[in-house]
Each structure stands twice: as C-alpha cells, then as structure tokens.
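The next part holds the structures, each set out as structure tokens.
Each of the two complexes below includes chain A, the first together with chain B, the second together with chain C.
Up next is the complex of A and B:
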C-alpha cells in the first residue's frame, strides 16, 4: 500500500484529474509504473530462484525420477524398472540396518545429548562460577572443527596398537588386552556415538544457554525470597519457562543429528561388517564409492527417497508442537 | 594444610550470618567453586584430542611409533609439518580449501543479500508465497539429494572442478541467510531510500551504496557461518574431487592420507594441525558473533 502511494506521488502528475477514460489510463499507467518499479525487485530474486529450482526443487523431483530406473549414471536413465528399486530397498536387510543405525544416532542426540547439554548449560549459567566463559568456549570448540579430521584423530587416539587411550589403560592395569574401539563390531558404534555426542554437544549447550537467558531474573529473585532451594528453582522456575523453547531446540538438534556421514565415512566407512553403517554412507557407497561395485544411482536414489520421506514424517510430527509455541507467543 | 580450617570456621559462623546476604553469597560462591573440581578435568579430557594433535605434530616419527604418551615432545621437530605440507600435498589442499570456502561465502552472500533485499523492501506482490516456500524447505531433510546435484553439476561440465563443488555446496538455497537479510533490510528506515531517490540514485545504486554497507552485521554473520561450514565440508568436496586428487580440500586430503598411510601418525597429526588451526583461529577471533548467531536461531 505504502509503495503504491509512493509510486503515485512520484508518478506523472500530468495524468491527474479528468474523466473516466483518463482515470483508466492513469490506473494502467500506475500499474505499469508499479511493475516497472518492482521489476528490479524481481530481478533481485532471479539468482535465488534459479538456484532454488535447480539445486533444491529439481534434486527432489529427480530423486523420484531416477529411483524408477536401473541407472548407473552413464547416459540418460533409460531402463525403466518401475518400483523395482523400491522393492529391493525395502527388502534389503542392509538398508534397514543402516536405517536403524541412523535412528540410533538421532535417538542418542535427543535422549542423551539434549538433557546432558541442559545440565551443563545450567551449571555454566551460574554467574558465581568463575571462568565459565572459558569452560563454555572449550566445550564448544569441537563444534567448529572439521568432523572428518577430528574423526581421524580419534581413530589414532583410540587405536588398539599404540593408541594413547589403550596405552594408558593397559599401563595402569585397567585392561589386560587392548580394546579395538573402532575395529570391533561390539564397540565401534558406541565409540562413534560418543564422538558424535562430543562433536555436537556444544551446539545444543549454546542453544540451552540462549534459552536460559530468556528466564526473567525477577523469577529467580522471587524464588530466592520464598526460600526455594536450587533444585526447586530448577524444577519450578527454570524448566517451565524453558519448555516452549525446548521444542525448538529439539527440532534443531534432531535436524543436525541426521547427518553423521563425515564422521562415519572418515573413521569406519560403515564397518566393521556394517555395524556403523548409516543412511548417508549407505547411499554414498551405492552411488560413488570407487572401491565398491558399479554405481547404482537408481537404487541409491530410491533408498534416499524412502529415508527422506521417513525423516519428513518425523520432522512434521514435531511441527504441531512448534505451532503451539508460536500461537502462544502470538497471544 | 590450612584449607580444612576455613570451611570449619565458616560453618561455625554460618548460623549467626544466616540472614546476612554477604555471608550467604560467600557460601554459595564456595559451592560454585566445587564445580571446578569437576569441570577442570572434564574440559581437559574434552579438548585432549586437540592437545594430542598440537603435541604429536612436533614429535619425531620414532617417538610416535614407540607410543609417545608424553605431552611435550622429547625432541621437537618440524619434519612432520614440512612432510605434510610438501609431500602429502597439504599446501595445495589448503589453497583449495580457501578457494572453495571463499567461493561458497561469495555465492551465498550474493544470492541471499539480493533475495533478502527484494523480499525485505517494498512489499512486492507474491512475497508471502515466496517466504512460505522458503520456510517450508527448512523442514525438508537435505543430504539425500547428492546424486541429482552431482548429475546436474556434471552435466554442466563442472565435475572434477572446484567451481562445481562451490556450486553444489552453495546452490541448495540457504534459507536462514535469506531470512536474516530480509529481516534486516525490512528494519531499515524508509527515509533513507526516499532521500537517496530524491538525489537521483537508482535501485542498484541505493542497494549497493546505501543498503548493503548498512547490512554489514548480517554480512559478517552469514560470511562467518558459511566460511566455517564450507571449511569443514566433507561430502561435497569428496564427491567432486574423486577424479582429481590435486583439487582435494583439507578434510578430503586428510581422509585420503589416512587411507593410504595409516602408520605415519606424526604426519597425520601435522596434517590435522594444518587443517584445524585456521578454522579455530577464525572462531576464536569472532566467537562472539558466532555464538550470538547460533543463539539467535533459538530465540527467533
């Protein structure tokens, strides 16, 4: 509205006044001026639109399309197999294995990392604690580092032959023989889950710290005057105020937990014996791994589509909670 | 040895001072101090991998092989750094990573600043729909569409090329930067634009000379996040440099170094040091911007 008025004011004053024909002409003129005025705005939207169509929308459509073909990436897809790839994906134990392990990564992020990060945030939110900024910084540090690189560093630290962790534990008599953390089926997944938690912990902690800042200090003051203990304050004041923000943090943590490709690929490539295989390494193996058999773009796309739909459902399940929060805030 | 006496003293005095605020805060401060007993060891273990990298990179290969547990190298050497830099190719990996990261930052800034400006100023018809679509895409899980992105970039003739990797990393629309720019531009006063137009400045000139310089805080935040994100990227540079080892970025280079030579730990530590130092330095210098930017994700 504002814009239209502005346009009007800066438009031709010569057209002002006169009969209906003139008014019509003026209206058309106004629309043209308005469009011309907005033309630049639309021009500015072109880069985003081009990238959106080609790198966001098209890949989604293309995944569906490729998934209906038996296609190795050479020439255009031609060998139509209908839902054959889907049948193969859904009946493949290896797919469900990777699916399950991906969900374990998400579950640990939500049920272990999220509460632990809250505890740490509450501890480090105490204004009486000296050096809390340094602690925050150190705990946050892994977040900004390259996952693939720190994954390899962990692989060396945890190595059964000469890795420092095994060295220290055996010298101090804690263990009789070295633990092959990343090389044995029973320990590889828990080890990676631990590293993943270490890597993402700082993000969740910063989210919680931000949420804690929104608790009004008068509430704490009131609780103190009423003689509430630290635990009572936490349970009765902090947590109820945090609850709505917790939904956002849950969603953000869930979204970042879905991409453990870098860590898994850099350390175990999904091994040993697929005990750490996640959806992204599974797809990568079928599409790109040079040491694996010929590329199977169609099959890998079908796996991606199935998993993508499942993740979308899980995300959308959290959406009503999110909407509730915004509605409450709107009131 | 005098330490145990002090708590004893304050305990005896506590009943007298209970109503005294100063006394209470002293007690609480003592309680806060107890956390250090827990936090200091925790943080040392937490950052140990980085300490390991920083010390192992300067140890001799022999010392590493014999299981160098010591924190300080027995004999300080720069051999590993030079070996990683020259022989293992980390010199070119570093250059590639810088080019890749700056490329991603440039593309994302260009796309999100223009789009944010178009959506933030002058209520254009269709704005609500566009913003709605953008927000909806935030809920769609990404990372499973690498195959079509690869095929697309490949068909543009940009596979095995850093430009292709930049496009693949920066191409999928980055919604948050767009919304940041949109919000910021929308908040700038209308008079600015009016005055500039009075002076005869056109749309492009107003954007480039007046609005964009004012958006410096957003530019800084977006650039910082995208830079660190791109520096740490792994899947995209891996996929796009499979046929060109010389174009590997640091993460990918480290991965292939580890795959080809799993025993040269000192060299690997030097490689890790080269990979991690720049991003850690950038973070430490700009940590406030970084952490505030992340905190903003929760509050908005």
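Up next is the complex of A and C:
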C-alpha cells in the first residue's frame, strides 16, 4: 500500500493518497451521502426511536437506578443504599416463595398447556373436521375475555357458599362439604393454575395452528404415498418440521406464563397465606399497594431486576436449543 | 430502483419544523398555566382533585361554579386524577413548574412527602377563631389534628376522622329474629355463641359471622375494646404505645385471634373470606348471607344501595364480658385531604377556595350528596333528614371512639421516619400472622411472640441508625405512659 505523508502549514503530518486521513474523509463523505440518501428513512424512524427510548429503555434503565436507592416513588431518589435492596430481596423468603410459584405457573404452561394445545391444534387443523372454525373460536374466546371479569366469574362459580360448582357437586353426592377452592392453601394454587391454563390455552393453540400451516402439504402427500400411519405422520413429519417454531412458541409461552398478575390479583391477591403469590403480585405489594401506604419503589425495583435477570438466564438457556435446531435445518 | 435524495438544507428545515411543532404546544401549555389571569385581570386557579365517588367530578364542578359566582373574577380549573396516580401526577406538575394551586393529598403519608419536598403552604396566617370554631373543640391542635407538619397547618380535611377510624357491628335484623334473638351480640362471648347458633341453624343458607376481608383486620377493631387500640389498629403495626414495645402477643389480641381460629376450625365463619377483597363482605351481607360483621363506615351506604329492602341495623362492636378495657383509637382528628401549593402565584385567592372547601355550604352539600360525615360536624349533627342507621352511626362513634396517640401525628421527623420504615415492612404486620394461625388452625401465641421479637429488633436497629445519623430519637419516643386507653388522649402541653 502506498502511504505518503505530507506536512501542512502548521507542521502537522497527515496521510496522503490512501492514508488514514484520506480514508477517514472518504468514510465521512460516504456517511454523509448515506445520511442524505436515507434522510426520510431516519425521519420516519424518529417516532419509533423516541417511543422505544421513552417507554422501553428508560423504564428499564430507571428501574436499575431506582433499585440502588431507598425510594418511596415520590420526588427524585436521594437515599443511596447501593446493593442493600438486593441483599434484602435475595434474603427474603417471601421473594423466593413468589419466585417458586411463578415457576410453577411456567412449568404448567410448558409441560401441560403446550403439549395439550399442540394436540388440539393438530385435531383442529384437520380439513375434514366439520365446524373446526367454530371450535377454534370457542377455544380462543377466553383469551379475549378480560381477566378481571374471568377472575370475578370464577370467584362466584367456585364460591364455597352457594357457588354453582359446589352446589352441583354436593347435590350429586360427590362431596360432603363445600370445597374452598380459592380460600384454602391446598386448593388455591391448583385452581388458579387450572384457570390460567384454560385462559391461555387458546393463544398457544393459535401459535401451533399457525406453525402447522408451515408444514408443506407435499410432505403429507409423500407420507401418504409411502403408507405412513397418522401417528407416523405426526411423529416423523409434523413434529420435526414444527420443531424450530416450537422453540419460539415455548419461549413465548414461558414469557407470558411467568407473570399472571391480573388473574391472581382478581381472585386471591396472592393469598391465602401467600400460597398463590407470584412475582408480579409480590412486586406490586411493595411498589403500589395502597393498603401499605408507604411504597418501596426502590426495593420493588430491585425485586423486578433480580426477577428479570433470572428470566433472562432461563430464556438464554433455551437459545442453544434454538441455534442447534436452525443449524440442523440449514444442513 | 428509485432512490430518494433529500438536500441537507431541506432535511434540516424539516427537522426544524418538526421540533417547532413538538415544542410550541409544550411552550404554550407551560405558559398558559403559569401566571394568573387573562387580560381582563381575572384570576384562574387550578385544583387537582380525586373523585372517590360516582358522580364526584360533577359534584366538584358544580361546587366550584358556585364558588365562582360568589367570587367574581376568580375562575377554577379542575384537574381530575385517578386515585392511584394522583400523588405522582401532582408531583410531576410541580417538577414541570406548573403546579396546581390546590391539590388533593389524601393521607398522612402523602402529606409528609409533599410537605418534605416543600410543596405545601402553611395556612396558619389565614385562620382565625371563627375558622377554628367550625371544627370540634381542640381538633386543630397541632399534636392532634393530623393536618399539621412541623407545627404549621399544612392541610385541610374533607371528612370527620371518625368516619375513617371507627368500626361498627352491622347486623341483619331478620336473621337474628329467625334465630330467636332480639339484639346483636354485645360481648365477645355472645358473639361466639350467637355465631355458632346462627350458622348451625342456617344450614348453609346464612352464617353467623364473617371476616371483613382476607386480612382479617376486624380482629384488631375488636381488640380495641380489650386493650390499647394501637396494638390492633388497622395498619397492623402491632405496637403497644403504652410501653413503646411490640404488643402482638398481648392477651387482648391473642385471645381474639384464638376465638376466630376456633370459629374457623368449626366452620362457623362464612367460608371463602380468605380470598375476599374489601367489597365482598358487604355484598354478601346485602345478600342476607351474614347475620353480623364488623363493618366499615362506608359499607353502610353501599349495603343500602345494594339492597334497599334489607332490614339491618348498626351496633357498637362487642366488648369483653368482663367489661371494656379500651376504645377504638382516633389517632388524628382528621385525615389530610386538601393542601395549598407553596408555589401558588395567587395565594390569597387560593386560600379563598381552600376556605370554601371547609365552609358549611360546601360541607353540607358534600354530606347531602354522598352521606359521608364531613369534617364540619354541625352539617350532619344538625341535619333533619338523618336516617335511622345514620343516627345509630353517630351515637356509636360518640360512644366507642376516643383520641389515641400516634407517633406519626405527633412525633419528631426522626420518629416519623421510623414509623415510615416500619409501615414499609409488610412482613412485620400481625395481619398475615393471624390469618396464618386462623386458616391453618395453629396456635397464635408463639407466632405472636416471635413477631414481637422481630418488630422490636427492627425498631432497635432503625432507632440506632436514625440516632447515629443525627436524628432526635430514642426508644422512649414510641412510649406514651400517660395514655389511658379508657380516656380521650391529650398531648402533654
């Protein structure tokens, strides 16, 4: 490479020809040209960037910052406590209880809801099934029903004093005395898990249905020609093709299942005796619950950050799976 | 392929227009709310309100229209905030340099914070004996009112302190009669016996008693008749202010939790309360499923609205058979509601509006519209159209509520900080511990003793930290040895 140095009037040396200064200038010119060329694109990006910075990035960064203060949420935080809030969060049995229950919600979503929704999606994907659109609609209906309403309705129908479920069961002789579905430590969590599964089932099924549309019909055709049974077609054709998308669905289900705030708040508020307390209700209790009157935004932010980090780790643990699937598909 | 190219000058011009478009309304808006009045010399006041009732905003607007008519040249702009966002919204208005002249603080804790930020104006220069005479005697004493901060009057009330601090026994007359009872229980023992009888006779159609909500807080209201009310008071701090120590293990509370544990174990209490919110109990009462329960004052109107035909009455909460040992504690004469901005550019006009908010005219209209007992007591005590239950409520309040000390109301700044720290520890409330004992059928006494140790240890640590940071605080600051729970408490002069 030909690099010649020249000295200017002030005695500074600069690269000439293909030298770094020239390259820098060329680069800057290129950038300017590109900026001019895409000026309108940048203009159109501005609203999205502003919204992203204001409502996604800023709250996230702010919560990290707040978590280092003993702050009640009013006025700028001023009492620096460093990692004190984190120490308190990590040593709080209530935090770990809420964390454990959040994980249970997630486990049910992944190990029960996900496979059941797949089975249902496969059934409802059969073009020969009459009225399949109606079934899809009926299963999807709970998804678009307001959770607060769902909570109130379930509280009424499961009421131990006159609720329809208890009435029917006791009249038919199935039970001697009413079951306190939402008020007993032994039944409240399974009940909420059931309601959550019922409510979220439709959306997971729709994910699977969308994924099923990506399976080429030629593969089914070939399988049929080869004499594959329905089971073999499912195991050897459908599931392998769905696998990469399944990981995405798994991630989505995992993410949504970890924060069933609205359902818990509308039914048990985390009780009885914190047996249904999930991370979001735990954080809400410290940050916003008016019955406590003294909010602890700093502490609640620290709990949110710790939970977020664990979520990130759990999510990242699934990344190698995803990469492996895509690499295999690429080959 | 089409490539768009925009000249630099044109690009900058576009960005400049965009910036101007964004900045102009903000600039105009920030200017418009600042200085008073229009070119005609009129004064425009802004007031940030929270409407806790259906139709509340319309009520306030109507009242402010009346104020405007009575005060020509002053107009009132009303900003309504949702209850949960109100304080943040007010705080933001201050930070943006466009604060309201008057705002809704709603509670001691919020007043502490806004006063601490220097946002609230002291009102002492505006008040005189005529103003004081509107309120019960002595209730504007700085150590009692709940409206003062650092000795200055920084807030005005909306409703009577008793409206928020008392509790009543609501009973269903028809259920009592059906069970051969001519009155509600007057002692704990009667409460227990009647609950057993009614629930067993009801056969699942109705129940003798019920908890108010999932935290079983009425145990604390009942406790006030058996010992110092500070132990069982609603926030659940469990402090015995006669000693300055945690008092959860005091027999006055332990015995009551044990009573309710037994009722729960024997399936006498209406089931399902473990997941109830604050509104469920009066709904069930209005459905005639409960014979009696410890109701909050605001439940009464809700019950009447839900079931206008319901034959129900109100009575004082039961007391121990051996006799009353204390009263429900009125820890502050009022809850702070209205505050005037320290940054108001028209304080004299703002005061006129503040004065209007505690005027007989406004307070009477508020009582007549919402039937809440207002801070100016004459408007409801002298009212000709009091219903029977309202008359019962007034009698019960007068009989069962007494002033009690409260470090949050009369303590030094360091003591208030200590109390704020304690309030912010939900794990140290006795509510959760008592619910655990009641629902699991476990002994409450050992849990209460353990909780007392935790609370005392927390207080000792906090007091040490606050004192070492220069705060004026000692362990004695939570102790009021001169307080007799059987008498109205008066601060030492």
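By our rule, the second predicted complex is superposed on the first by the 276 of 331 C-alpha atoms of A that agree within 3 Å, B and C clash if a C-alpha of one lies under 4 Å from a C-alpha of the other, contacts with A are read in each partner's own complex, and residues count from 1 in each chain.
The definition used in the following text is that contacts are C-beta pairs under 8 Å (C-beta built on N, C-alpha and C of every residue); 3 or more make two chains touch, one makes a residue touch a chain.
Given the structure is predicted, the values throughout are model-derived calculations rather than measurements.
**Q** Would chain B and chain C fit next to each other on chain A once aligned, or clash?
**A** clash
**Q** Under the stated touch criterion, which partner chain does A:81 make contact with: chain B (first), chain C (second), both, or neither?
**A** Neither partner.
**Q** According to the stated criteria, A:183 is in contact with first (chain B), second (chain C), both, or neither; which is it?
**A** Touch partner of A:183: chain C, not chain B.
**Q** Applying the document's definition of touch, where does A:288 land relative to chain B and chain C: first, second, both, or neither?
**A** both
**Q** Check whether A:73 is in contact with chain B, with chain C, with both or with neither, and answer first, second, both or neither.
**A** In the superposed model, A:73 contacts both chain B and chain C.
**Q** Just to be sure I read the superposition right, which of the two partners does A:300 touch: chain B = first, chain C = second, or both, or neither?
**A** Only chain B is touched by A:300; chain C is not.
**Q** Examine A:162 and indicate which partner it touches, taking first as chain B and second as chain C; both and neither are also allowed.
**A** both
**Q** Let me test your reading of the model: by the given contact rule, A:214 touches which partner, first (chain B), second (chain C), both or neither?
**A** Only chain B; A:214 stays clear of chain C.
**Q** After superposition on the shared chain, which partner residues are touched by A:101: those of chain B (first), chain C (second), both, or neither?
**A** Once the two structures are laid over each other on A, A:101 reaches no partner at all.
**Q** Check whether A:40 is in contact with chain B, with chain C, with both or with neither, and answer first, second, both or neither.
**A** Both partners, chain B and chain C.
**Q** Tell me which stretch of chain B runs into chain C once the two are superposed: 3-11, 39-47, 93-101 or 237-245.
**A** Between chain B and chain C, the clashing stretch is 237-245.
**Q** Output the chain A positions appearing in both contact lists, the one against chain B and the one against chain C.
**A** 37, 40, 73, 155, 162, 288, 290
**Q** In their shared complex, at which residues does chain C touch chain A?
**A** Chain C reaches chain A through residues 3-8, 11, 14-15, 18, 83-84, 87-88, 91, 107, 109-110, 113-114, 116-117, 204, 207, 214, 235, 267, 270-275, 277, 284, 289, 420, 423-424, 426-427, 432, 435-436, 439-440.
**Q** Okay, in this complex, where on chain B does chain A touch?
**A** 25, 28-29, 32-33, 35-36, 39, 43, 46-50, 52-53, 65, 67, 69, 110-112, 114-115, 117-119, 121-125, 130, 137, 139-141, 143-152, 167-168, 170-173, 178, 190, 194, 197, 203-204, 207, 228, 231-232, 234-235, 238-239, 242, 250-252, 254-255, 258, 265, 268-269, 271-272, 275-276, 279-280, 283-284, 287, 290-291, 294-299
**Q** Taking the complex as given, what residues does chain A use to touch chain C?
**A** Counting only chain A, the residues touching chain C are 36-37, 39-40, 43, 46, 72-75, 92, 94, 155, 159-162, 177-178, 180, 182-185, 188, 267-269, 271-274, 285-286, 288, 290, 292-296, 299.
**Q** Can you check the complex and tell me which residues of chain A touch chain B?
**A** By the definition above, chain A touches chain B via 1-3, 6, 10, 37-38, 40-42, 44-45, 47-48, 51-52, 54-56, 58-60, 62-63, 66, 73, 123, 126, 128-131, 135, 137-142, 144-150, 152-157, 162, 164, 167-168, 198, 203, 206-207, 209-211, 213-214, 245, 248-249, 252, 255, 258-259, 261-262, 265-266, 279-280, 283-284, 287-288, 290, 297, 300-301, 304-305, 307-308, 311-312, 315-316, 319.
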